[in-house]
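Think of it as A, B, C and D in the order they're written, each chain with its own count starting at 1.
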């Protein structure tokens, strides 16, 4: 059961001032939506979504926010870090026509998902949102995939002006008028973004990638459970289907910090 | 069938002898409810302290061949928020709750007890035995019979709830500690907490795997140690025992009961067998009872007591 | 290749860092020779007592998911016959031998030492830590720093051979015990002896599996406990350590070395991987050294010491 | 690895005043020559050879000698005992024509061996020896197997008079004269019997079933090792081939008691 692996960083790509992609030569065999726990045995251990995973390479894309991520940003190619996983649930691979709504550092996981959806013959439309141009992520990488991409920034400095939810709303309305609905919607980004998106998705199946404070990542410490179902986001999540999200009274309201204390959004 | 697993524990009806122990999937009311729904007869809160604690940095757990090492560092939202979670759980469930509390001195335990008195908890558990905060607090209180006596006596005088004392396996003579707790008025003993602690090393990076370096052992590797201590304690005291440590399958639970346990904790096995582990073990206990023609839990025989 | 595993230990050349620990396949000269031929760099005799001991009735061992429980009861042919076996071994082999002895008081240890002085043994090991004769002798001597100091000091004064002190894992503070042994003149520390002890129950017959009821744990389940104690000891003392407890594969041996061990014992793994286990682990150590570009055992780094 | 099984005694047959056969309904899958460790968690634990083993039943045949075996003799059908094993090496299943030389309580293991040899199409001759008629074992059982049996007692009270070695000597000499040598010889019985037999076996391959004081039976305690090879009789034995027996300087000279002390024969 022990799936810790200690790997050299094979490649580091600078995506923005605060975001880097770290790649590792290792056959992780992960599925889109899953995450790893990453540590260097010094700075702590944190969860990161898998932003790409081929037969022999996988990547994560990290935003520098606080202590751990700043510490990680010091690492160079060739340095060791240690991971465990891949953990958690993964995205349903839908057929037909799907919409991906992403925001911030949570967008890159859609790179991995888009690749798998494409292989599956699914028609993918991605709304790739960020606050501003400098924070906008992966636009080149997505271009290479042959999917439909709508870039958006809150301030209009890159792509359309507006939030990804604004764009999603327009598209979903258009579609409804055309009678050509999306078969499935995926969202990954700030919880309040998904909260805003949710009311638009009454008539379509969806999955959200959620985040909660994770410690053990193997379902025993209980830090990542969501009320009132007691869903352990590290095991039953991080990808949750509509049916479950709808029951989560804490969704968009509060989360728990490292002590388990509720923190309001 | 499941009816045969019903039993009375200090006068309170429980549906299964299986207990969710402190620290396992119990940071929130909803976490507690998962185990209750999946067949735990009693659930325990995370050990609560007066103030919130963020716990140790990660890695906080390490898997190895025969169990887990953990050094959570007693993370918890503090007694006030913790009791809120417990009350919310009790609004939704009849399952008895043990409120576990941790402190390092009698005064703090007293204060915690006063808070717990006002909650909807069913039992108060004094965690005298966390091995993962050594740097901060030193050798667990459970190592000293005098400390154990003092704390339990003080708490007993003010507690509205029956008192469970959680003991450490890492002592020379469990019997003297257990007797001290009993004499001071403990209603139940709970053992064992994690063993060791131990350490694992990442050989590529030449670093301890746990951020805290050391962590307590739980899971299959500690079962023999648990059985021995439970049996010694059972032989010496007259109060019931909640036995735990490595229980993973029904047969393990039966061993605990034969060693002297009345209820049986199932912690790390949640990792091995999922949250369904309680119902799985319940079924396995029933299967054993059928094969051996035991009608009720009380029919399961105990080992002959050790003669001291 | 194997040359890279050669090292000097207290000035004596050894061909591999692997040690056959006391109590494993070592009742006779021929038993010792099997391990030596299969790649052990140093072999240890069964712990010898002044008089022969038949040991406990069976079952003396019990297997469980993650290790063994044993309660041999210190069976041995007595110091005189034991030394005869050792001398016969030395007639046939250059492999250094540790003569393990057990007693319960300073006088008996002195007498044993005088006998060992006249033997062809290379090291004298004081087993202060057998957990399986509790009924007879109580808490191991290794639990008291004063006892440890007294015995080691007395023996050191009369021993012709370098002294290894074998410590118990079942103590509150390994460091104070280790320092007492060092201060008293110990040349080497050996740890750990078996953990617990523990118990297993046969649920069909409602009986402890071991005749002695309780037995010490060895094998994979105790490795984290061993690593932690070795590391704490290494951080505090300046004498070499023979580390053991659950070493089963090369990676385990590397962990022991990184935790602070100079030599590494391999006991219970003989059961899991056969008598060839020493050569297998030797090969695995070399493989690790190759991958990590370590030329000699001395190149393998140690963890940074704990700052006390 | 834990192969302890706790079984009810299914049948007890009284073979002689001091010898009983205990049968168990259990698919042990043992091979001839192997042994089990048997305990009731009260009287100790001791090794016994398997005297029969079918798909769903196995038996041991026990001689009452001391404390443990006397204790065992109190057991009734339906009582539980607990076993582990089968342990140890087993007899080589030879082709052609073979001679089995057995004495005392060690003869019954040849019942199991004979059955397997017969199935293999091997021509079996058994010398079944005992001190006296009352101690003679399994003569009826062997009759049912369709093998050649020569019964012998030291005092002539049953079968031929003389030791099984006497008879073996005569047969081996006869054969040598006829030029029709046995292909393989097996012996099981008192060590001094085998010691006496050994010089007669210069020109033939053989295996002996040996006994040493056993405690762990899993090869770690070292109590059962034989000098000078350090053969652990519980793992590499109890059945040893000629090549090994010839190197064992302690064979027929001494064995070790429970303390490991050498006891001269």
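One rule holds in what follows: a residue touches a chain if its C-beta (ideal position, glycine included) is under 8 Å from a C-beta of that chain, and two chains touch if they have at least 3 such contacts.
Please read these numbers as outputs of a predicted model, since none were measured by experiment.
Remark: chain A and chain B have CA centroids separated by 37 Å (rounded to whole angstrom). Distance from the chain B centre to the chain D centre is 51 Å, each centre being the mean of its Cα atoms.
A separation of 69 Å divides the Cα centre of chain A from that of chain D. Between the Cα centres of chain B and chain C there is a gap of 34 Å. Taken residue by residue, chain C touches two or more other chains at 64-65, 204, 207-208, whereas all remaining positions touch fewer. A linear topology is adopted by the chain contact network, the touching chains following one after another without closure. Remark: the chains found to touch one another pair up as A-B, B-C, C-D.
Across the complex, chain A is touched by residues 23-34, 46, 52-55, 57-65, 68, 70, 72, 75-78, 81-82, 85, 92, 202, 204-205, 207-209, 211, 267-268, 270-272, 274-275 of chain B.
Remark: chain B residues 64-67, 69, 139, 143, 170, 172-173, 195-201, 203-204, 206-208, 213-215, 217, 220-228, 231, 251, 254-255, 258-259, 288, 292, 301-303, 306 touch chain C in the complex.
By the touch criterion given at the top, residues 1-4, 6, 37, 39-46, 80, 82, 215-216, 218-223, 225-232, 256-262 of chain D touch chain C in their complex.
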